[in-house]
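What follows is a pair of complexes built around chain A, which joins chain B in one and chain C in the other.
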Partner chain A sequence: MRTKRRLLNLDKLTKPKGKVVFIPERCKECGLCIEYCPTQILEYSTEFNEKGYHYPIIKPGKEDECVGCGFCQEVCPDFAIYVELIEPKLQSNDAKE
Partner chain B sequence: MRIGVFICHCGRNIAGVVDIKALVDRVSTLENVVYATNEMYLCSDPGQRKIQEVIKEFKLDRVVVAACSPKMHGATFARAIEEAGLNPYLIEIANIREQCSWVHQDLRKIATEKAFKLIKAAVAKVALAKPLEPVYVPLTRKVLIIGGGVAGIQAALDIANGGFEVYLVEKSPTIGGHMAQLDETFPTLDCSACILTPRMVEAARHPNIHLYTYAEVKQVEGVVGSYKVTIEQKPRYVDPEKCTGCGDCAEVCPVIVPNEFDQGLGGRKAIYIPFPQAVPAVYTIDLEHCLNTEKLIVCEQCYKACGPKAINYLMGPKEIEIEVGAIVLATGYDLWPIENLREYGGGEYPDVINGLEFERLLCSSGPTGGVVRRPSDGKIPKRVVFIQCAGSRDPKHGCAYCSKICCMYTAKHALLYKHAVPDGEAYVFFIDVRAAGKRYEEFVQRVMGTDGIKYLRGKVSKVFQRNDKLVVWGVDTLSGVAVEIEADMVVLALPIVPSQGTKELAQMLKAPTDEYGFLSEIHPKLRPVESSMMGIYLAGAVQAPKDIPDSVSQASAAASKVLSLFSNKQLALDPIKAEVDLEKCVGCGECAKVCPFGAITMKKRLDKKKRKYAEVNKALCQGCGCCMAACRKEAIQVEGFTLPQLRAQIYAILDAKPTKVEIKKKEGGNEDKTAIVKPR
Partner chain C sequence: MGSKRHPMGELIREDRMPHIFCSGCGIGATISNIAEALTEIKKEIDLDKVAVVSGIGCSGRAAGYFKLDGFHTTHGRPIAFATGLKLGNPDLKVIVFSGDGDLSTIGGNHLIHAARRNMDLTVICINNFNYGMTGGQMGGTTPTRTWTTTSVYGNYETPFNLPLLLYACGANYVARWTSAHAHYIKKSFLEVLNKEGFCFIEVISACPINWGRRNKLRTGKDMVKFFLEHTVIQENPDPKDALIQMDSPILCGVFVNQDKPGYLRAMKEVLSPKLGIEEFRGDGKAKLPETEARAELKIPKPKQIEEVKIKMGGIGGQGIALLGLIMGRAASIFDGNEAVYTQEYGAEARGGASASSVIISSEKIDFPYIKSPDVMVIMAQGAFRKYRKEIRSGSTLFIDKDLVRPYDLPEGVNIYAVPATRIAEEVGRKLVANIVMLGFISALTDLFSLKAVQSALKMSVPKGTEEFNLKAFNAGYEYGQKVKRGEIA
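Presenting the complex of A and B:
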């Protein structure tokens, strides 16, 4: 096997960015969103919600890694999670600020 | 019966070992032989004319030529006797060169005796020969070309311009092959893409060329003239009719993976086009990396971004069945895996790279935009070591052959590196520089004379890492000192090997390969573009390592062979084919079981008993004789090699008479076997 290499044109390739929004009180800890997230950025909270379940949160340090695919939103049976796509324009504005 | 025997000296090849004069005297006493003579070179024009004159003068009806292998000149002599009015199958060649004089050079007496026996056997066989007529089979005048690199494209264009339909099948999503990956070409330094892409477009637009990219040949049945081919086209998940190639889909795709076209140095998205000038300019979803593997829930970013709505996640593989008359193999090459060279740190250090990777670093459309950068940290390397013959010409590594193009591309790399990094240093380790080609030597001399490029004659023993540098231990054999060079990057000129899948393809087509897996040609000098499987032609590096001019010339040569095959509406085949004697056939079906070409089918007779019988498809039959050996009733015989003929040959050699009584007598003792061994 070859040693893994850094891609030389990584700075020219942009990924879409998403923002995951949780509605913790609706969650019943089925775990589907954590299972389906292709970037593996979700995990269970240590806190409980009102119903006594661990709801999903973003792994610490992985806040910027959501690509906005919407899989979590699609699989959630309780409409407890959704994704907002951050427009590319907004991203560049953020960078300026 | 009037048989004439002609014995060839072949210069000293035969006459130097075999006593020709004694041979002529003995041969002329054989039964049915009315004339025997010898000639210096029978294959020459005067030699052939002599045969023709003697046939007319002595009214010969059969001819035996004792000379070299029938593979060499069998067709020459057959044509000569045909011109003299004889049927071309009333000739027999006694091979007294390869099978006698060449292998018994020190045993003159025995060689003469053996030559006599071989001629005697040939006389006995030809006495039973029957005149045969060629078998005509239908010819589908369309061609399949496998591989869409520069060789495949050239062959396709030449045949299509000749007015015949071409099916061009390419495994990857675009045609262009390795040539599309190159930066500039030696020795003229013209841009590879600039000269190739117009050809690619021409091939795609040509009305006679059916282009199938992202497709593979799955099955090939039949023989020359009528191959039935199944092509499997993998799903692109993008409708090629609707896709405009705008690239909006790739912009929003969230998955980044190494791009194979950039040798994994740069990245691409899961929906991609290998390079901007790809033909066809259609995006492809790489399902291995796309998030939508299960298709239960989908990431719809590309679908949403696509203006013309070309994306369809439900596409499936498509099978296409075509019929062609000939096949051109142009599957090209791969580089030997770099991991095999552990002593040079291949696979271990990211800055030890192969020639194609360096090519992508030099290329202005490459991942770095033409700036040479190290894969490890992206820095510009100030000292680069090039190692030639890194695996080639090394029987220990299993690549004893010369990869042919490395001397030239390494010289080019060194020069282009100096153009890109003027203050850099390039070191080239070589065994010797092979620059045989028009203006090649001049180019290498120019590179060797360039400031900052040093050629060191010698091999490298080891490459290892020290801090962020690669240390190269080698030897300069011209000054006789061991050298140690601290380099930023090492480029290996790896051996060229047949591309992945060539072996399976060759097996499917029953085309022979050499020990390295390259396809074999039928004659290394006189027929270099034909496989010994009739109807299969070779173009480019599938046959041996080749540079661009050689690949293109071979492709055009293969195209001309196809065009000359297609110049007839029917295909005339050699009548050396199995023939069934319906009176003897009992319909057991043994022949059909053993036939490797599926040429025999069992049919029912029209009489009351409805007994079965074997029927031979002459187009499929290759005359191998398996059926003849399997038949217990001697009902199926290969024309020109019938059992009575073979028996006559054997008995002539054994000095016995082929009668039924004799057969029974001889079965018991081994008297005849000792007769052959005795002279030793």
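Presenting the complex of A and C:
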């Protein structure tokens, strides 16, 4: 999404960072997390899990791009994926002062 | 798994994962949303006080996946069960989590009546348009012109409009979302968790395997996309427009949000001032006002007695049933023994044959009916004819002297006769012949203590007539004492 207008304090904002954790044995390959990841960093694995499904993995090279929004955790019907927030969500330096 | 701790692990039984739901099923998503909502507020509420009840069907499994108290009931009955649960322990927050077939079709009457009386329940109805677990048959919520295993030419029935139905029944909160609306489900659930009255959240749920497969929505992804594209979320939508049709968007939103008093509050408002009871609950924790009868309840040690079977027979209107009831109450409530009371009577209110049986014992009683009584009380000749064959040798027979003429009795039967009806007439009213008989029996047997039977009598007769009944009782008791002393034959 591109906009012409820029936030005035954009350079002071930090991008939140998350870590996606998979529990492959629970996955049933519905694909919702891959579909609804806003940063599109997930893809199907080539490996199978116990039940023969391709579970999601992070696309190679995109390990640091998770923003910790938690969409994948929210849409997953199988409790097979969750997000750990490494860095706090959107936080402006102004707010601290 | 080891170090992997799912954030909902506290509320979800991870040892049961992976769950049975199909790939892309919306039930898993809804469970996840509700677990997330509960995780958010777990510090504010006591999770031990939350119970999940579900019925039969795919969504019926939900109760087993929550790490909360739960119950998996019979088909269509989760609301009935949850009603009992809530009334028994009003501290509980009872969540009914079940399917459309279970709640609205098979348990339809429970649903509408729970909504009508505004029972304090939170009902989450997973509507997947068909009976998924049994193979995708059509049901009461299958939209018109959709295909299922039992509507292969397309369904021609009109489905239930659940929000309108619940609105008409008077529920306090009615909302509809789809399983793709995770945030809304969470929000709605948190909104109703502390709301009184009947709260109904319909979740249109993805069923890609059974409903979707036959309606060109083969995967969970397709169904979620369909839900997001074919739903309209409105503020204060009209439930009349909520009928699900495939050619128009599905209307979602909060249809009803009102604050009528819930069942428990309504009950309290009416009954509390009348009965003097602050709280109504079924788990024995309620504070009941001290009444005279209750004060006498505390018995230091029960009076020991072996099993005695008493049968009373007479004609309807003589108070045979009440006689048995007082005996049973005296033995069980005031003597601390066990008692079982059964009655039999004809359809007539007066004049027909009537009998009641009481079994009294210090031990638990296994069987409520009597074949050969130890004590027989007969107050009418018709009853004597009917029950004569049950009298065996060694038993005791109490009869009304004027009304019963015994014949053909086996040997060894102790007969005690009292002119109960005549004494009752002397006391004032013929009506109290049964009480005279009770006094007579109390004097001649050792079945219950005098104080117990008097307390039970006071408890059982209509208010204001206690003194009169006690007078009749004492007349019978005195007559019995005289018989005991041998003054009267």
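Just so we're on the same page, the second predicted complex is superposed on the first by the 74 of 97 C-alpha atoms of A that agree within 3 Å, B and C clash if a C-alpha of one lies under 4 Å from a C-alpha of the other, contacts with A are read in each partner's own complex, and residues count from 1 in each chain.
Here is the rule we go by: a residue touches a chain if its C-beta (ideal position, glycine included) is under 8 Å from a C-beta of that chain, and two chains touch if they have at least 3 such contacts.
Since the model is a prediction, treat every value here as computed from it, not as a measurement.
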Check the residue A:C76 against both partner chains and state whether it touches chain B (first), chain C (second), both, or neither. second
I'd like to know which partner A:I57 touches here: chain B for first, chain C for second, both or neither. neither
First (chain B), second (chain C), both or neither: which does A:V67 touch? first
Going by the contact rule set out at the top, does A:I86 touch chain B (first), chain C (second), both, or neither? neither
Could you look at A:P16 and tell me whether it touches chain B, chain C, both or neither (first, second, both, neither)? first
With the two complexes superposed on chain A, say which partner A:L7 touches: chain B (first), chain C (second), both, or neither. first
Is A:P38 touching the first partner chain B, the second partner chain C, both, or neither of them? first
Common interface positions of chain A, toward chain B and toward chain C: 74-75
Chain C to chain A touching residues, read off their complex: 1, 4, 6-8, 12, 14, 17-19, 21-29, 31-33, 36, 182-183, 219-221, 224
Residue set of chain A touching chain B in the complex reads 1-3, 5-10, 13-16, 36, 38-39, 67-71, 74-75
In the complex, the residues of chain B that touch chain A are 251-256, 258, 262, 264-269, 291, 297-301, 338-339, 347-350, 361, 367-368, 373, 375-378
Touching chain C in the complex: which residues of chain A? 21, 23, 25-32, 35, 51, 53, 73-80, 82
